[in-house]
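Shared between the two complexes below is chain A, which has chain B as its partner in the first and chain C in the second.
Moving on to the complex of A and B:
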């Protein structure tokens, strides 16, 4: 089905429309459309409306840095040799000439020093990888803190979490490929983590490395994971993520004209195609700038991997930093039983805790859904302050993450701030438990305080900053009502309902079914929502309106909210038109 | 033949005398001692003039003896800790390193004595070194031939750099970091940054093992190998930063910081900028 738009009038002038000569592009499009029905396919997508907000573009950073990764990665595969066969280096980096090294390392040196633009592309690839995972984290935090994971988007939350996990795995595999001293040290830690599995750890390590570490198969194996398997999975999941996004429609902030049933924004074509396309070039530009100006992973300084060598400042890339931190602060616990050593000191921080922490974040939406029992669809976002417990939980998790990050870099902290390495370890051991609790409490109270401030704004108006002196000599700050739009936006949220506990036994003394989980649910509900400040009722708002009657009279003739200077002689003194505040 | 045989014959006539064994032992000792004196590592005996040692002793009594004892025998605190270690046998090289880099005299005891302004003139340092060297035999201050790279041809220098790099990554980078940026040690100690340190002090540090550092004696790392390490460090210094700004040369921690602060920071800024400019005709910011 094709529609010949050339014959449709595009002016409202009196002269009749005349058919324009179809141009070449139109002819090609028409030819393709007749055979593939692209028109119907693209029409729905081209008219898809997306709302405008900066925080909705964070996921795009991840998407575009993934595209940069694909482009630069293909370039690197042309020269990279994923082999652990040894040869003597005779390339142009003289410091290593004559040194025995693996082909993987030698080819990375070749890319860095002998391939035109190779070092730039290698550095862009690495920076883009750091940004890819960082952007996923930021996007995930935005989704979490605004409640965008609620029904119907739970599945997309899971898909996103898988993307994050796979992204980290992909990054680690890529970090290990050049076979330099740092990546080999990283593989040694991975080997240690695997070996810490009780009973079967050694077998698993031998299967993975094809014998005793480091063996000679791990780099070809990681290479296939890095360039084929994981990117394939990532692409498929990104596709699913985007399809679900289009299918569910994008969430939006509440406001006048925005409901659970519509999306207010601009269509994909031409506005968002231009915006998103432009954003790709910005992301490409930033990675190119970083790749060109900032040195990353200078493998020529690390030298080829050799299990007998190590360097100070051996750290993983940032996204593995918390695993490193957990390992560094873990007390040295081991159990010897029936001739088997159980390395709690490696197993707990390496195999259990990272997944527990990740699981807590991934599981929260489902916990929240169970506690609220909310089965409604949500397309309007929540402001972080209107879900104080959730926001505080995220803040606490970010604190744990940050502390473990810092613990992973404890040697850098020690040298740069002149602290004792041991003191940092002791501090962190306690801080990872104490500080998140403090941060949780403060954030929660902060959110509730902001909710109160919102209610004050609704009921008493905003603070004008104008101090009035009454005839009696008392000073007071003049408050003025906020605009209708603002009031609508502030009140466009649902009231939280605290789950009431049903009696555990009915009047006949028979225990109600499921009362145990019901008790837990009621207790959690009270803890999560009991202290929240609810928006004022219609009656309260009406009373407040009566209260501010006088101001309303003053405002009656104005096209905008009163500035407050209606009450003083400011306008008399300053005849200049002072721009009004848009409260 | 008779002429040649005669003295030997006369000597051999006495070989069973009671004192002959003793004489041979004495001769052997004399020979060994003499050879040792000729071929042993040069002691700080060149400038060992008595006046210099005397000047050194006076300086030592004023500036060092509080912790190291009046005869350099070391001082223990009441609870058994070592205030200053004994200096007998540390040699002139140790003094030249510690005083020449300003580490000594220390301001206060602590986990590690930091590098600071040098307190003594070169003459005074030489006098102190001469005095400490007179306390007992120890490594002398290396001469410039030991660590200088001047005499090497281009290919020799390149081989020295390649060898030195491997020695450095095997023995030094574990504490001093892969490009000599330094690293942390337990309980407030640290392996200092060694980029830009004069070759003499790097050589002396390897030779004497100051503070927590291991001692790489000449039997352990030959003088040529020490020079190779210096050549490698020098080559790192001379190379441009191939990848751009080096971010402090401390590995992935600073890279992660830049990814977040610069990368994500600027891209979130760009997102805000793009979202703030809607498809309206006016350039005013969209009203939320």
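Moving on to the complex of A and C:
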């Protein structure tokens, strides 16, 4: 390689020492680099490695749908009028002409019927919002179930959780803006929830609505929250989320050559940039497709908000479903004492339980870290089966979520399936406690069963489907060893250590400090990890190999011993003359 | 390479992180060439595919522009449609989808088939700063602390904290004017004529009646007992909602009307007088016609699902069920309190009127409600 002389000063007299300008683009880049040190940044980040796996795409869906939300949202703000001043509708939609309605509702009708592409963008915005929150949920579940939240990523776990909470709040504020009958009913329920707050509930309600519900300020206030405050917070947190991702480098699945100390994948430029950029257009395109084909929130069918009207079968956006379900199945407890009213029936499902459920999920990583006492960094992901208790916990939480969601639509279930509404409600009251416990137990045993199956595969090989008959007439299925790469991947995980209880008293009979919490820790550790199946040791693997070789020797005397590869594609894969991958 | 190993920051687990490996790491598998890497024909084909996708995207953009100007928008029933769908929305959306999906698929196909697919290995570094950096950082902070004298001068520190705390208090205080104090607003509705404005009272003086009528919502017509069949449910409002000034302008509109409706909306239901269970319901009814607040005592949804044969009323939001024959007692669901009943009778002309306001606050519970 010849020496690069372009950076060497070509003069030491009256002009500054700069590199020769090769071309226009280079000149611009040079100008910018002189001021921004772009070269160093590019060198550091342009070939940054991102590991590849389909599940890493889930967070990307959330990110890109947020970008779609920003783009479509800006378009909508050009026409939306966040005001509750009333006027008589005179627009294109004939069925509402002459009806008294707020400017917010009228301008939403205007966007839907009198702005070309307005309805499309409105529907894309709403679909993207649903996608944004759904993708965050699934991404969070992926992170949870693979243990990607472990050190050093706990803070990013918190940031992500806040993003989900803010996203839900943002969605609620957004769909309340058109001031239609459905969203107004949602605001009315929100007002009821706020009024149930102990001591200050009435004041909070009057301050929020600028007087008695519905007042004339809630739409403009929600609007500024929806277009400025919450998106600003979301942007800042997304920035922090991505910065931490870059700083920690992405987690990866274990496999040949992939360790805790490295990260293996495609470089940012060009492959990852093209794939991720392409994926942005895919997400954008899918929302366009949905906006074109699937009607969402047809507010002209609901009519303007009127606090004395309601539609049967009112349903909020899907992510509010569990709050709705909690409200519906809660028993009607209310305490009247010393001249005050405590509305347990509203407070518990509306203000306490959603946050308790969410807190359990957010808190789990910290419980797990405390129980294991593990202070190491973890960059290799765990398969869900290798953390049976954690996986079972998530499955139980998903069950609670699903049940509450169904409970939020108990009227729809009742009318569609001709079930008794009361029976569904009574069933749900019990089911939210019983079914998650059953699901937890089954999932945990299932994971442990899968761990055993993995060990069988390591020790005895895979089932070939060849049935061997020995000279004595005994039948057995022939097993063959799995590939070295596959075997390595299966064993690339850490052994779980069950925390041993320190003696409660030391040798002098003095109670050891912290023994109480230590006892809890030991018990939890036993419960969480005691039943897990650990990977075989080198010695066990060696013994299993000897055993297999012995069987082979016995079979060597047969006239036509089956290789065992008759029904798989090993011959094809091992062949030298097939160098290409299939895709 | 040991300098790249993540280190522990705690004494519990000494030594670098290693996955105990009963099977040695076989290392990265050798790179396998794709058909597009070795076969010029396959490469050309992939190139054409990518270009075709981008070409399709361009066609989508043109289609979008054409659709924008060609198709009429407006009321669904009078504008261009394709099938049941508005043509403009459908075609704009489909063309935009073709444009975006074409670009996306093209980019991804390009990356997968034609860009180099060699995997790269990068080393990780522990997130923690090095012990030297930590020490240096602590020393710097210590120096800062000493040079500022923050620790030695508690007077300055405490007065600063006091000022800062008070500064934080100001924005909270400034939120006070977000809304008026509740006062007794939640305890009265417009059924109570004492809450009326002078304009409303002036209007009432022209009516020469003593009790306010219960009128149908939307149209505002008064109701006679004979207008209702047994089992009928009628959505009603106080007549003041429909009052007009001499020049035909409504006395109540906009926010004031909304706020009033949110509390004063009622339902009338007629049942067989013999079905009525409680004495109060009996006393406050007219020929088996009862009047209740329409606002659910749970979280305030308007209730109007009438079970015609059972005189039960169901809230469509959370399914609280109330017994209209028995003082609005809760039969089922999350609502804790009975539906407030309005005391009705008939006036000289035989129209249903309210004797007085509800005798308790309507709608959702609140702390100081009692």
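One rule holds for everything that comes next: the second predicted complex is superposed on the first by the 519 of 583 C-alpha atoms of A that agree within 3 Å, B and C clash if a C-alpha of one lies under 4 Å from a C-alpha of the other, contacts with A are read in each partner's own complex, and residues count from 1 in each chain.
Quick note on the criterion: a residue touches a chain if its C-beta (ideal position, glycine included) is under 8 Å from a C-beta of that chain, and two chains touch if they have at least 3 such contacts.
Being a predicted model, the structure only gives us computed values, none of them experimental.
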| item | value |
| --- | --- |
| Contacts of A:475 with chain B and chain C, given as first, second, both or neither | neither |
| First, second, both or neither for A:308, with chain B first and chain C second | both |
| Partner chain(s) touched by A:119 [first = chain B, second = chain C, both, neither] | both |
| Which of chain B and chain C A:264 touches, first, second, both or neither | second |
| First (chain B), second (chain C), both or neither touched by A:94 | both |
| Touched partner set for A:61, first chain B, second chain C, both or neither | first |
| Touched partner set for A:541, first chain B, second chain C, both or neither | second |
| Which of chain B and chain C A:417 touches, first, second, both or neither | neither |
| Between chain B and chain C, more extensive residue contact with chain A | C |
| Chain C-contacting residues of chain A that also contact chain B | 94-95, 113, 119, 123, 266, 271, 275, 278-279, 282-283, 286, 292-293, 306, 308-314, 410-411, 421-422, 485 |
| Contact set on chain A toward chain B in their complex | 52-58, 60-61, 94-99, 112-113, 119, 123, 127, 130-131, 134-135, 138, 181-182, 253, 255, 266, 271, 275, 278-279, 282-283, 286-287, 290, 292-298, 300-303, 306, 308-318, 321, 408-412, 414-415, 418-423, 485, 489, 582 |
| Interface residues, chain C side, partner chain A - complex | 1, 4-6, 8-10, 12-13, 17-29, 32-35, 38, 68, 73-78, 85-86, 88-94, 96-108, 110-112, 115-117, 119-124, 126-127, 175, 178-182, 185-186, 217, 235, 237, 253-255, 258-259, 261-263, 265, 294, 298-305, 316-320, 330, 332-337, 363-370 |
| Residues of chain B that touch chain A when the two form their complex | 111, 158-159, 161-162, 165-166, 169-170, 173-179, 181-188, 190-191, 232, 235-236, 239, 241-247, 249-260, 262-264, 266-268, 270-272, 274-276, 278-279, 286-288 |
